[in-house]
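Here it is: the structure, laid out below.
The first chain written gets the first letter, and so on, giving A, B, C and D; residue counts start at 1 in each chain.
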Amino acid sequence: MKITAAEFIEYFKSVAEMIEREKDYLCELDRKLGDGDHGVTMSIGWQAVNQKLNNELADEKDCGKISSTIGMTFLNAVGSSVGPLYATGFLRGGKAVAQKSELTDQDLVEFWIAFINGVKDRGQAKAGDKTMIDTLEPALIALQDNAEASQNFTNAFNEAVIEAERGMKSTIELVSKIGRSSRLGDRSIGVQDPGATSAYFILSAFLKFVKEL
Amino acid sequence: MKITAAEFIEYFKSVAEMIEREKDYLCELDRKLGDGDHGVTMSIGWQAVNQKLNNELADEKDCGKISSTIGMTFLNAVGSSVGPLYATGFLRGGKAVAQKSELTDQDLVEFWIAFINGVKDRGQAKAGDKTMIDTLEPALIALQDNAEASQNFTNAFNEAVIEAERGMKSTIELVSKIGRSSRLGDRSIGVQDPGATSAYFILSAFLKFVKEL
Amino acid sequence: MKKLINDPTYVVEEMLDGYVKAHPNYIKVLPENDRALVTARTTREGKVGVLIGGGSGHEPGFLGYVGDGMADGVAVGNIFASPPPAPILEVTKAIDKGAGVVYLYGNYAGDVMNFGMAAELAEMEGINVEMVLGNDDVASAPKEEKHRRRGIAGELFVFKTAGAAADLGYNLEDVARIARKANENTRSMGVGLTPCSLPQTGKPSFELGEDEMEIGLGHHGEPGIRKAKLQKADIVADELVAAILEDMPLNEGEEVAVLVNGLGSTPRMELYIMFRKAEQILREKGIKIYRSYVGDYITSLEMGGCSITIIKLDGELKTMLDYPADCPMFVQK
Amino acid sequence: MKKLINDPTYVVEEMLDGYVKAHPNYIKVLPENDRALVTARTTREGKVGVLIGGGSGHEPGFLGYVGDGMADGVAVGNIFASPPPAPILEVTKAIDKGAGVVYLYGNYAGDVMNFGMAAELAEMEGINVEMVLGNDDVASAPKEEKHRRRGIAGELFVFKTAGAAADLGYNLEDVARIARKANENTRSMGVGLTPCSLPQTGKPSFELGEDEMEIGLGHHGEPGIRKAKLQKADIVADELVAAILEDMPLNEGEEVAVLVNGLGSTPRMELYIMFRKAEQILREKGIKIYRSYVGDYITSLEMGGCSITIIKLDGELKTMLDYPADCPMFVQK
């Protein structure tokens, strides 16, 4: 499969739409665990990204530039915890696909691996800490494992999203060890982590996107 | 009829009780017309009075002293609008029965006339302004008219209380012209004035008291 | 409504106890009356005494404004109730330095009677008293009946200017003149969003629908001129400023101070959003804002909403506004 | 919940617009970034820059504390969200007078990452940066994990002391040392009674029964250590002070400053009632209160409740606390 820069942009727009739809749900989760703003923060960030996609980036052909601009736009719009995390992800992802106007299966695998590693590096959270890493880390492993085996990006990413979902759901039973919710101790059990949830939306939106291509 | 100083004290205690029971109702009326504190203010004032009656005044034989002390006690406990109004009433009433250890029919008539005139002088409100004067003024007239005619204080006071009730109820339809509620204009129509209501309680408690002697 | 209190009967006593313990080098209670508080600092012989007072529940009004450059003493009433004459008289005696005392309070029936009685008593003791009533609330009576208007947040400007004048050594007549000038040039109008409740009743002071506001609300929860659907801040600010300017027209080039006063539970964020619009309206009319005050200055317990106050300034009033002040709840350099 | 706002999307922008227009001789927005605000006054060459920042919705925190004797600049985030590195960096560049800049902010994952990134970028531009994280909230982690605790109202003391030190000409290392000393000697604990709501969602930040309180609540509405039946103020104050003293034992004769901080909609009356009890407890233990602050210093929009903060003082910290300050929302003589 091949994804053009224009299609890459379309994908990010679909994330913005998805986040807008799920905003209240994400806030609801964060109200229980943190300060209740995760949906708002993601929405502010992705609306800013959407704005960029429709304007400065509308005709951008460099997928690397698209990703890194998204990262900086998101960061500058939101700050917050997710700003630096996703910004680092998109900057690293962008570096992995620098100056490419089309992305091959291989490029896409590299993009997502660099993206997730960027988030991990910035946040230093481990799987089990009840963060977005519980979604992203299993996806990373599945993607690495399946990319070579299946030789088909969509199948491999499908596996990654299945694992991501499992990871996201695993946060329900976890005690938070990092970030705002970590002060809750056992009271954090029973609620799915908002960041893990929105991270899942970002990945699943990509799966939906490539399936519909 | 004759009322002893001890009985006079009992009457005032019965007012304190009555106000305590009607506190919420008085606040409710004041919430609609003013700042919602009339029941609280009356309660604070009469509780302070009750305290005085049970202590410093417990063995007081001078009805004049009892009334003037009640006036100052009430005033110092509440300030507010009703503090100066009732304080002036009780000071004037006290002057009318100064140094008497028993009150005759004639004394009682003079006490209440002086009391009401004191309130009127202090507040300068007129009947129809939607204040306690709408209760007190008709009572004053009825008392003056009937005291001589009937030669019986209880009957005369009974007439006064009937007129007081009519006056109190008349405030429902009045537009407030004085005090806090006067800024309401037509929005003050439909609610009985709290001060007119508590003034009625004070008078009707006296009627009940003399009837039960 | 939930409150962090002990016994509702003693809220004022306990507040005062906490207050003087928190600020012992600012303020003290007079031994003669526990509702009579005066500055803990020595004031100059011959200085006009500035006495403020009113009901509790308006904090920082009124006890928060005792200090250098503001009031010398305060008489503290029950919640939303005028203090009786006794504490007013005690404060008067304590702060009179031979030059007389000016009473600054809001135009409410209760205050008028109690401060009036106290003034009579003070005069009997040979103390000259001048009284200046704040009546800045344009919503509380039409222009022709200005004398019936109640005093709300604009009283801050009366305290500030009179306090400065007294500190500057003005005589009683002049301090009163400046206080009156401040009041005459001050207009306010408020809006209520959510009620407060008296500790003793716990009941909301008024009822408003989830999407309603009360325009012209008094700062004890007295009903205003009308209920309306809650509008955007810009529209609300527009209505408040328009009512003020209709009552006190201002010409291009004139200078004012603006006060956006929170009623208790309105975040500063919202007050500054209201200020933003007020500033815009005035700027477009060529009116210059000389000073701004945005915050909780005279509140109504935890009431939601705010008022906008505008005072028209001349050179003298500017001098008084600029004068430093140092009180427990109000410091200006 | 009802709010006096226009579009929820622009509340921070409109607040900032109103803020700088209300206080133009105190503060200005940098042309490079509309979330980067610095003092409007000229600061001395060679003076250490003091930079504060964090999410909006805590007003007077943080933008209210830019001024003489406090911070030189502030980076303003969205509501309850750390600012991104860009405005932090711009403020850093603007306030660096060759002596470096100290960053003072609360210990939150977002702030740590964003301020950390900004510091790296600033160092790349040759500006020395020291970072001091406030983590005064004893409820937010056990003593052994103090580094995980979040910063709440006690940050005021960090700003105050560091701001004074910088103004007194201390070098970067010493300003940071004093800020750290202030933080290390500061403990806070809060209680929540009623939630706030984000303008964008309008939903209450937490749920509490009509007779419940949340002990140890964070000042973004993060759940605390337990829900409990609402108690009398004295009992609540007792619990908060006890938790603080257990964490930071104080000996007879030691001196402290006390801050009773309202979260937004708690009347001053209630704060002083809380202070009253705190003072009583400390007095009985022979601990001397050197200074008191009672009011809304770091809020959470219109949240109901308060926190108590105690800072243990030595001579140096006392000097810094006594030093005058002049900011739009905080003036001390």
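Just so it is clear, contacts are C-beta pairs under 8 Å (C-beta built on N, C-alpha and C of every residue); 3 or more make two chains touch, one makes a residue touch a chain.
Please read all numbers here as calculations on a predicted model, not as lab measurements.
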Length of the line joining the C-alpha centres of chain A and chain B, rounded to whole Å: 74
Chain B-chain D separation of Cα centroids, rounded to whole Å: 54
Inter-centroid spacing, chain D versus chain C (mean Cα positions, whole Å): 29
Distance from chain C to chain B - Cα centre to Cα centre, in angstrom: 32
Shared interface positions of chain B, touching two or more other chains: none
Junction residues of chain D - those touching two or more other chains: none
Overall pattern in which the protein chains touch one another (line/ring/star/complete/other): line
Set of all touching chain pairs, with the criterion as stated earlier: A-D, B-C, C-D
Contacting residues of chain D [partner chain C, same complex]: 2-7, 11-12, 14-19, 21-23, 56-57, 59-60, 64, 191, 193-194, 210-211, 213, 230, 232-234, 236, 258, 264-276, 279, 289, 292, 294-296, 299, 301-302, 304-306, 324, 326, 329, 331-333
Chain A-touching residues of chain D, taken from the complex the two chains share: 9, 77-86, 108-110, 113-114, 117, 139-141, 148, 150, 198, 200-201, 203-206, 218, 220-223
Residues of chain B touching chain C in the complex: 24, 27-28, 31-37, 39-41, 43-44, 75-85, 122-123, 178-184, 187
